[in-house]
Structure formats: C-alpha cells, structure tokens
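Presented below are the structures under discussion, each in the form of structure tokens.
There are two complexes below, and they share chain A, which is joined by chain B in the first and by chain C in the second.
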Partner chain A sequence: MAPKNSKVSRNPNLIPGIGKYSRSQMYHKKGLWAIKAKNGGQFPHHEKKAKPETTSEKPPNFYPADDVKKPLVNKRKPKPTKLRTSITPGTVLIILTGRFKGKRVVFLKQLPSGLLLITGPFKINGVPLRRVNQSYVIATSTKVDISGVDVNKLDDKYFGKKAEKKKKKGEGEFFEAEKEDKNVLPQEKKDDQKLVDASLIQSIEAVPDLKAYLAARFSLKSGMKPHELVF
Partner chain B sequence: MPFKRYVEIGRVALVNYGKEYGRLVVIVDVIDQNRALVDAADMVRTQMNFKRLSLTDIKIDIKRIPKKKTLIQAMQEADVQGKWEKSSWGRKLIVQKKRASLNDFDRFKLMLAKIKRGGLIRQELAKLKKEAAS
Partner chain C sequence: MVKGRQGERVRLYVRGTVLGYKRSKSNQYPNTSLIQIEGLNTKDDVAWYCGKRMAYIYKAKVKKNGTHYRCIWGKVIRPHGNSGVVRAKFKSNLPPKSMGAKVRVFMYPSNI
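Presenting the complex of A and B:
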C-alpha cells in the first residue's frame, strides 16, 4: 500500500468545533468495530512500559530568595558580514579612515570575522597586509588579477594582538624595562608580506599606469560630486 | 533676430525633461498650441508638451503622422543620428556622457594625459619664445 502522506481527518468541520458526523457514526467510520472484532470483543490493551528506575534527586540545600528568571536559550551563530557584490577578490578599494585614508589598495579576501584582508602592495604604497572594515571602504570597479596569490594561512588570529607577558615591576629598572618593550615586526610577517606581494606586483605592472594609480592617494577635488561619481 | 528653428512636421527635437530625457525625437504632428505628437525609432508615438522639447537644426522630409516604417526609413535617409553626432551640440552631449561614466582609474589616467599634454605644449611654447627672442 502506498504510504499516506497527510493525516486527513475523516470528520470534516462544519464550523470550527462542530464535526459533520456524530460519535456513533465516527465509531463506524474509524472501523473500531473491526479492531474490536479482531481482538475478540475487547479493545486491544497494551501494558504500560515500565519506566526505568531513576536515582532519586537530592533536594537542593539552597533556594534563592527571589525567583530568578532563566535567560532564554540563544542558538544564534554569528556569520561574517555580508560582502557587498561590488567587492570581489582583486578589487581595488579606497580606504576612507585611519592612517591610510585615501590610499588605493588591493582586496584579497574576507576573513571569518567579516573584516576584509587587504594589501598595498607594501612596495607600491606602504600599506601592509591589514584588516579593514567593509564600511570604511569605497569599492572601485578596477580589478587586479589575484590568481597567483596564496592567502590561506592568513586569518584573524594572525592579526590579533599578542598576549602580553606579565612584567615584574622592579623599581630601579623601571625606565629601562619600558624602553626595551618596543614592538618590532617579526621577520616572519615581513616574509609573508613579500610572498603575497610578489605575484601581485607582477600582475599590477602588466596593466599600464596601474602602479602609479595605486601609489597615489584619492582625494575630492573641486567640482567632484561624490553622489554622481562612478567608482 | 528672426527665428531659425521652427516647430514643423519633421523637425528633430531633443527631449529635455521627463522619462525620455536625452532622446532624439521627430515632431510628426502638432496637437494644439502647447503639444506635439512625437515619434522615434524605438519608442511608442506619444504627445509631448513643447516645453519638454529643445528644437535642433535637423529636419527630415515626412508627411503628417507617417507609419513607423516610413519614419525610420526617412530618418535613416536623412542620417539624423550621424548629423547629430557631428554637430557641436551632439558632440558636447556625448562628451558629457563619457565624462560622467568614467571610472576612478579612468579619471586618474585622464589626469596623467592632461599633465603630459600640458608639458608638451609648454615645451613647444618655450621653443617658440626662444625663436622669437633670438
């Protein structure tokens, strides 16, 4: 027999709450008489399944004075910010805030935190491998060929602040200790920068004027209306 | 100064307001003091107020309210589009459109080209000045 997909009621509603058929008519329609006949005059009766023995719980020895409401369960999983359709790997972006404002920069990929991974390239405009927020960026329609670049090892942890070592305060050596604590960029990061930029710079030099374009900063000149400009 | 561009059947006009902004249309009939029936190759024949039209110098030879096919043929024979694109008004509009559609990179390249041209001009001028002085 084909499996029945929907559970349709045999007793259609005339009005919500009032069915078409009476109790005795439904008894006949449902075939309870046939089930009884099969079971020798009685309705089949199954023994209740015995519940497994649960170890008795100890009553708590502390009741809070006021009833505290339990917070609702939150099963929300945060996902990275929706990337604008105009931003694809290799797009040239214009940074709008921070020390690199106005710089034109190449977009590499979106990190799991939602931030965008960008690079100058460093040799061209001094912008290193960096994270930037999508909201502080204008996407131009200029694209750079990014196929030769491997960015798999770069993620949010790479850019996170390093956990500071606890300093023991020695009173006499206080000033000297402060001086030594300079942030030197580890050689590993410099090598990563060079690696990422190598193939990028090649594809940039293939397009005439693109290198000079990335080296220059963007600014609004007289007569430029941002709402009318096509980027 | 007498008028040179008249509203007449066959006058080509530019729409300067509304949904059809920027389109070249032909006046195919005059409805009353304020309105004309206009038609173009890829639009439905509609009425337009004269205030929405800017008359051009171009005129084609058609009878009152021609069929679409006849109109298109007449426009092609008179080479309306070609004449328009050669006229200074038409060329200006084309340049305006191009400038508005420039990419940020295109604007940068344009700036470089302008600087280069300016440099060449100044070189030539310096040469000419030297010759004139000597």
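Presenting the complex of A and C:
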C-alpha cells in the first residue's frame, strides 16, 4: 500500500471542537473493525520496549526559592537581507560612506550575513576585498563580467576580527607584548586579493574606459539632483 | 572628519537649509525642523529623500573627540507642503541658532 503523504482527519470539523461523526461512526470509518478481525478479535497489542537502566540521580542540594520560568526555545534562523534586484554579481556599485566613499567598486557576491562582498579591484582604485552593507551603496547599471572569479572561499569568518591571544602578565613581557601588536595584513590575504583581481582586471580592460571609470570617484556637482539622476 | 591623503573632496550629500521649526502662526514645535533641500521643488520629488539621514554640523570652542566640529544626526521624515520643503527629526532638537544654517542630506540608506 502506498503511504499517504498528508494526514487529513477523517472527521471534519463542524465547529472547532465538534466533529461531524460520532465515536461509533469513527470506529467504522477508521476500520478498527477490520484491524481487529485481522488480529483475531483483539486489537493488536505490542509490548513496550524495555528502557535502558539509567543510574539513579542524587536529589539536588539546592532548590531555588521561586519557580523560574524557562524561556521558550527559539529555533529561528535569520535569512540574509534581501538583495535589491539592481544588484547582481558584477554590478558596479558606488560606496556612499566610510573611507572609500565615492569609490566605484565591483560587487562579487552576497555573504551569508547579508553584507555584500566587494573589491576595487585593488590595483585600480585601492579598495580591497571588503564587506559593505547594501543600504550604503548605490547600484549603477554598469556590469562587469565576473565569470572568471572564484569567490567560494571568501566568507564572513574570513573578514571577522581575529580572536586576541591572552596577554601574559609580567612586567617585562607586558611591554614587549604591546609593541608586537601591529596590524600587519597577512600575506595570505594579499594573495587572495591578487587572485580575485587577476581575472577581474582582464574583463575590465576589455571594456573601453571602464578602468578609468572605476578609478575615478563619484561626486555630486552643482546642479545635480540625486532624485533625478539615473544610475 | 578623516582627511584623505590627497585631500580629494567628494560631495556625497545634498545641501539643505534649516528653515525653522514646524509651527503654526504663534506656536512652534521644536521636535521637528523644516528643511529646504536644494533642487527640490515639488512634493513628488521628496519621496526619494524620505528616510535619508542628515547631519547638522556645527563648530564649538571645546575639542570633543579630538575635533572642534560637532554633529547632530537626523533624518527626513515626510514632505511639508507642496513645494519640496521637508520635515526632519533629529536625535536631539536642533538649536535655534541653526535656523538658516546648512544641513547635509546624505544619500543613504539607499534604495537604488
């Protein structure tokens, strides 16, 4: 017999709490008479599985004075922010805020946190592989061919702050530790940047003027009205 | 206010002027300010700017956070009237000396 996919009640509700059929009618509908007949007059009865013996627990030493309510379990997983339809991989974006404001930059992909992964490319305008929030970016209609770029290994963890090592206590060592804490960009990140940019720069140079376009910054000039501009 | 190394100035905000507080003839309500944004002439134009953040920047004698410049953040709430004037609410109400002063209306949170 093929298993039924959806469990629909055989007893439709007339009003919530009141079914259409009585107990005896439901007995007939469910076919309990046939199950009993198959089993020789009795309803089939299975022995309960023996529970494995657990070691007896000590009664607790401490009982809290008041009953504290446990909060309900929350299994909700947030989705990444909905990406605007104007932003597709390869779109040129204008960054609106931060140290790279006004820079035109290539969009690579949306990370699971919802932030956008972008790159200058670094050689063209000095913007490295970076995360940016969708709200602080204007999408232009210019697209760059991004098919040659492999961004699978770039993730939110890649960009997260490194966990700081615990500083040793001890006066001599304390001073030394402070000096060593310089922010040197690891060579691995520089290599990742070059890898991603290599194929990107090729597709950019294929389009006339695109390289100069990406190198230049966007700025509002006198008489420019953003609400009338078409990006 | 971070100065870039080359000093390339990009303006990524629209200039606006503080006209005063929301008011009737003889009462004013300082929690909302009226802003005239450059280039806006009609109520329909304002729709693009609703929700955009703005900053009122002023100077003070005492250095705070390493700078003489201070800022009050706010945002565009809704149009005011039919001719492109805009209502804005700031984190703390704008001081009366801001009337006639410039305000920067940024292009974020962006929706384009």
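Here is the rule we go by: the second predicted complex is superposed on the first by the 158 of 231 C-alpha atoms of A that agree within 3 Å, B and C clash if a C-alpha of one lies under 4 Å from a C-alpha of the other, contacts with A are read in each partner's own complex, and residues count from 1 in each chain.
FYI, contacts are C-beta pairs under 8 Å (C-beta built on N, C-alpha and C of every residue); 3 or more make two chains touch, one makes a residue touch a chain.
Everything numeric in this text was worked out from a predicted model, so none of it was measured.
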{"item": "Touched partner set for A:F218, first chain B, second chain C, both or neither", "value": "both"}
{"item": "Which of chain B and chain C A:P226 touches, first, second, both or neither", "value": "second"}
{"item": "First (chain B), second (chain C), both or neither touched by A:T142", "value": "first"}
{"item": "First, second, both or neither for A:T97, with chain B first and chain C second", "value": "second"}
{"item": "Which partner, chain B or chain C, touches more chain A residues", "value": "C"}
{"item": "Which superposed partner A:Y27 touches (first chain B, second chain C, both, neither)", "value": "neither"}
{"item": "Partner chain(s) touched by A:D209 [first = chain B, second = chain C, both, neither]", "value": "first"}
{"item": "Touching both chain B and chain C, residues of chain A", "value": "218, 228, 231"}
{"item": "Partner chain B, residues of chain A touching it in the complex", "value": "92, 94, 104, 140-142, 209-210, 212-213, 216, 218, 228-231"}
{"item": "Of all residues in chain C, those that touch chain A in their complex", "value": "2, 4, 8-14, 38-40, 45, 47-49, 106-112"}
{"item": "In the complex with chain A, residue positions of chain B that touch it", "value": "100-105, 108-109, 112"}
{"item": "Touching residues (chain side chain A, partner chain C) in the complex", "value": "84, 86, 96-97, 99, 101-102, 134-139, 217-221, 223, 225-228, 231"}
